[in-house]
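Labels A, B, C and D are assigned to the chains in the order they are written; within every chain, residues are numbered from 1.
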């Protein structure tokens, strides 16, 4: 039993819903109680989809449990087919449905429906949303794709499939537009994008492509591996987030499509992102070596860490993921920065690490936005789980060259700007620009959460000089001096000073200790 | 109204009132006029009772709601209603895992561990609810016993209670009913010889609570207590001299539990709109023997304001048809308000559950032609709705946008639960909630 | 003499710089002291341009004043030509240069340079930046365009010029990309875009187009009028900001280009913005009739007011501009909303009006962002003057269909979201969600500026119940009740209550008065 | 240093000190080693003196700076340095208009009106500076007289002074010099028999001021006062027993004005870097007769820290060439710091103005091969810079990005004015400011 406040992923049947809802003519019959229908609003409200998700819930009740819930399932499945006339159906159970062990897959077979009915068994008590999406896509493709026609010999030009985007994905809508645009401009035909906006018939055509692009490994990797084995289609694994990754991605694709290296390079130059120049522009110098913490799904965190370190000039000081399936990749990536990755789905563990590291910027999910808010740290959201604000009206890819532009703005926005940093340092005591003030460009009168100390929650930020348990105590003069340090580096200064004091056996931190530590840690 | 009336029994025919209070006049319950009800048993598209935690955890400021359930429950809670605006909510989920179900871990030990960790982390919590869910109900995990066991361990720092918010037993607002019903047995006992007190049951926005408290004080009715209180230790006492007005229509079990503690439920319409609020207040005033002149003096200014504010929307709403999908059990009182105070024409009024006793005064005020449906078969109901093409459709979040795409104007039903709509000062706001989507349609040129 | 804290526009010679810097081979010789060189950084820092502006300053000093500053000017002009070899030059004086009356235009003529040298006389003590840009463009076009070749008879297809975009323009970079994209997709040839990225030679080709598009009237209208008279080119005046205006703009263009009405309509549908659906999506219902105040340049305010009122569903309660040249247009636009326009370049007057109106959203410039910040009001920036943040890395047009998407996000972002409003109303007393909290999605721990009451500035927001001068006073109970109203409507409630009290001769506001006013003003 | 030294005269050869203080030893000024200086008189690319208001208006918290000028002045102030982060700055511009210049309005009446309105709006202001600009200088508007006239009117609430920040007379930091020089005549008089006091002249970041104050206290030097003070009424007194250390190199006029009030200027290098700070402090210590042992005890820990922090950057900076465009008059002391403490190799060091007396200790510490240029011809200087291709170019905001595009690494010079860089604890930060652009280049792979 796990105590959870927020959860990074939904249950696995929500992953299956993301596949079904992303497609145009697939229907999902879900053995589930009425409460599980809440999941519809994820799609109609958060993503503002114009149609209800193609899901029929059996909505069994307590009084049905004594009776025949299997019959209820059969009725629902029959009704769903009759009412919605899908090209194929998937059937399964939610967490509660799983407990009553009605075997939806077996039951559905007996219905003799005139369309493929694919059972998806998603163990709710051990797996989660992304696994559910990945498994559903895999079962679908494995069931349907082999029946499609083989690639005809006279097809002209190289072609590829794009695998992974779903409904309710984090920026999938715009990533796909950006990547399809780049690939097609390079002269490569995009055969099928799946599952997003794909029909069941499209799945039959998957075989026709020369190679696959796995855009979202959490969802598409298993399927791409299977197609590689089965259809001999190589696949591109690089996630094109950031300028370098996008270039590498395009070069890999060019190689698979038989496009000349130099032609690809010229294409990259023509479509250059603004990120390199904006990052080299001197107003970005202040970004250098800012300490960044990242948490989210594995692909986004791994890609974004590289952007943070080598394209924005930050210093990655911690990273982790809730995608246990990709723990190994994450550990390898973290090792490149000399770090140990945090692999957890416990929000409280992440909070603890952020608090200990006191980064200057947090890149995470909606959860980390909360953590950062409580600790008074700047934060940008770079990964699912999603929020209504992750579906902006405007074009907002994370991938490709325009994606890199978006990232530059996203990563810089929460920070106090360069010159403002100096003015703050210069005039900390000015009554019009005191410590409570956050970055001036953020919101109306952004103020820092010092008053949130009223909140009795135990993990309360201790950015000011209240001593941490077991840590050396602060003399009054040192505390006063600490408060002269601007808020956006004070947390770090405190942490460094305490670390220094502890390492040197100093029990009471004086102003002298503060400056000793500053000198010791100066970079 | 002026003639003293015998106190009568309610609901289950049994009176638990051990002492009669001479000064209190309780009107006899009215019955429900006979009318056909459409009973539906297809796919439901409603929230489960867990969602009540969204407002309950803010209302009772030192309570924590621990759902014992699955990842789905946790996901519902964080997805359904934007509660993530709170940095740290006072609810959480103890997620059952494979090893719990496989019997590798003892579920009760696990739960005890979770509760201990939780209370260590949140030492300010005084009241903990263990909240049952679909999976915990299906595997028959006994949370009542767990609550009793844990209550002993954490006594006296934290009171521990349990109720079920599972979707196989409750819909949406029934979660509040179950929670309050679970609270009632632990309410302090009011002595038999205590003076008559008024209790208002059902969570209200603080500002509304304050308004009602002021009016009752001006009327001379008191003491008045609210269930739930804002803090665990302030929960109202209950006893045979407690007279209870329901502020919300979905409190079937709570009402029964209060009766079991000896309280008397005053049957009344619900305080929605100027007329609804007047009738609701008058029920209490009559019971407590407040004369008509005092009642008039106290309530007239606010009632006038309410009428004025409501009338401003009549122009835009009169004659407009409205269709309710089932959601919160507020549908019938709302339809009554819209029909009687704004001249709107309810077509179908769906409710997830119908308590004929509680709802009698509301139902009786509705035109015969209004179709009442109980339960749901969502695809069929959508078919009826599309056929009728009402001017406004009141429905849940899963349905609203798809209907808008079809050109229907919808009113987001959950908003009616989250907005202060009760009482005189909010009557105009309530009307405005229905006028707004139409107003918007008029404004938009794209 | 006018007391100014911030100024909406720079001096007119900065307008001339925006023309020169926008073009590729024009040089500007400016008779000005050294301090005026600050203007270079507007282009290299704020706009992050990669080249220094093509401006030579004479940088005369006090010691030169007694001597021959004319000679210094001549030397500078000769040197500038020799060093930079421009295709044409403009010459003029800044405010200080104007005072020493050296007549740069006359002097330049005597130099006999082998390229056109166009004098631009910009009266610094009566005119401002946009006028300077407009006048410079006009003088340039009038001097150069007539010498170009006439439109050849055999040119194929309709063509147009786009007039108005400059360096340092508010979103000009992306507006031009969006509009050129739309027009070219419609099958119309874009002949010349000027002055942004135009060469002097391009100005010679202006005559070749069938018609002109005046994208920024403040800068291009005078020139377009002149070309209409001189070259008989009709011009499109609609500013394509918002969905409706973009449609109308495209229809006007279609008419001038001889494109079929229905074909244009089909084109509009194909390229539809997300704004209409996002605005109709029920999560936007809460936007309805929110009171909006607008201030900025005339074109943006007029266009944006229409978007605010008829595309977002807001209620425009006040609007104004600093563009005195367009005062009449602004007054006419305001009259449509039953309003009187504020025409001023005094920041303090705008502040006063905002404070009096207590809107729920301010759409303005960086100045209004300040005003809103002090008054605790949400604000979005929709007009110049510019700030480094108005040059994001990502594609951010205001015009066209994608521009409408950007606007939707921009206008919604500063507001407290719908459901959040309800929760706030429901649980105002909750200690974790008290009054200090701003919209939860803004920044790290956004807090409202109640503590800024320490600031002794006199125009301090009095959103709480402190009585305004001459206004009725508040009884304690009413003050307490007022504080129960959530912050985002409290200012309005206070204003309404006081207005109601004053109108009804109430001297002391009670809880009763508060609710009387609420009922009176309920909408 | 141990031998008592006669107090000598400074600058203009005239001593205004009416009383000798026996306990104070002032070392004789050193002269400037002969070296060629490149004098440039082409286009300048520098700020005018008005820009000093950006930090002065924050430093003196009850002062207001009213520029009397044109729209250009106002535009400069809001554009040049991101000052718009302050909701309401304590500066503004009285913009002259056509009617003022045409004589339709009387300029003095207009100014009086503006000042009256301003002071009414900002009643907390205690000190008002009328600041002259290029246009006000060209039309010879007499702001000294205006200040006197207005001072009488607003006495005693507000003190009113004037100075010129015009670009035809001053560059950038000279604005602070002019401002402080204008303040000096109004400083309170220190009586002739007062004990010797130390004055530190030049605006410093508050945290740096506090550090210096602590060190002087530990050394036993005191009282120590800072010019400018943070509040108008706390401005330091001055008199013949005042000994003054310049914290900034650009205070030519201020130093002269202080001498005119009888103060003695202690010639010293500037407190940049470990060595610079030590030499600066030692000048005061020697003057005030502090023994070497005390000096060592007090300064050693911080000096060690400074050396340690600076040395960490030596690896990245040693042997790197640096080129200074003229900007703040800080260029020569900075070049000295970079050369002596980090082993960097200055090529050209431009300064807008060179005061040989004040700068002598700094200039003497620079290698002969370092080219010093005074004034500017920006196009020619750019040609020289491109030819040299230094590892780091220190330049203004107008030039930096275009040079970056050409592949040069630049250091934004204004940052050196806005960042606390003086004193021991900031020595590492100062080194880091130069290491950072190179560090960035190493990090970026795009």
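Criterion: contacts are C-beta pairs under 8 Å (C-beta built on N, C-alpha and C of every residue); 3 or more make two chains touch, one makes a residue touch a chain.
These figures come from a predicted structure and were not determined experimentally.
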item: Remotest chain, subunit B as reference, centres from CA atoms; value: D
item: For subunit B paired with subunit D, centre-to-centre distance based on mean C-alpha positions, whole Å; value: 69
item: Computed distance of Cα centres, subunit B from subunit A, in Å; value: 37
item: Centroid spacing, where centroids are CA-atom means, of subunit B and subunit C in whole angstrom; value: 50
item: Subunit A: positions in contact with at least two other chains; value: 45, 48, 50, 275, 281-282, 373-374, 387, 417, 431-432, 440, 452, 455
item: Subunit D, residues touching no fewer than two other chains; value: 84, 87-88, 400-401
item: Touch-based graph of the chains, sorted into line, ring, star, complete or other; value: other
item: Complex contact set, residues of subunit D against subunit A; value: 55, 58-59, 61, 81-88, 205-207, 210, 214, 230, 301-302, 305-306, 308-309, 312, 400-401, 404, 410, 412, 414-415, 418-420, 425, 428-429, 432, 436-437, 439-440, 443-446
item: Residue ranges of subunit D in contact with subunit C within the complex; value: 42-51, 70-72, 74-76, 78-80, 84, 87-89, 92-98, 100-101, 105, 107, 110-111, 113-114, 117-118, 121-124, 134-135, 137-139, 166-169, 171, 379, 396-402, 405
item: Subunit A-facing residues of subunit C, complex; value: 45, 48, 50, 273-275, 277-278, 281-283, 372-374, 376-379, 387-389, 392-396, 402, 404-406, 408-409, 414, 417, 431-432, 436, 438-449, 451-452, 454-455
item: Subunit C to subunit D touching residues, read off their complex; value: 1-7, 9-11, 13-14, 33-42, 44-46, 48-52, 56-62, 65, 76, 79, 83, 94-96, 99-100, 123-126, 128, 366, 370, 373-374, 385, 387, 452, 455-459
item: Residue ranges of subunit A in contact with subunit D within the complex; value: 243-244, 275-276, 279-282, 284-285, 287-289, 309-311, 313, 417-420, 422-423, 425-433, 440, 481, 484, 511-512, 515-516, 518-520, 522-523
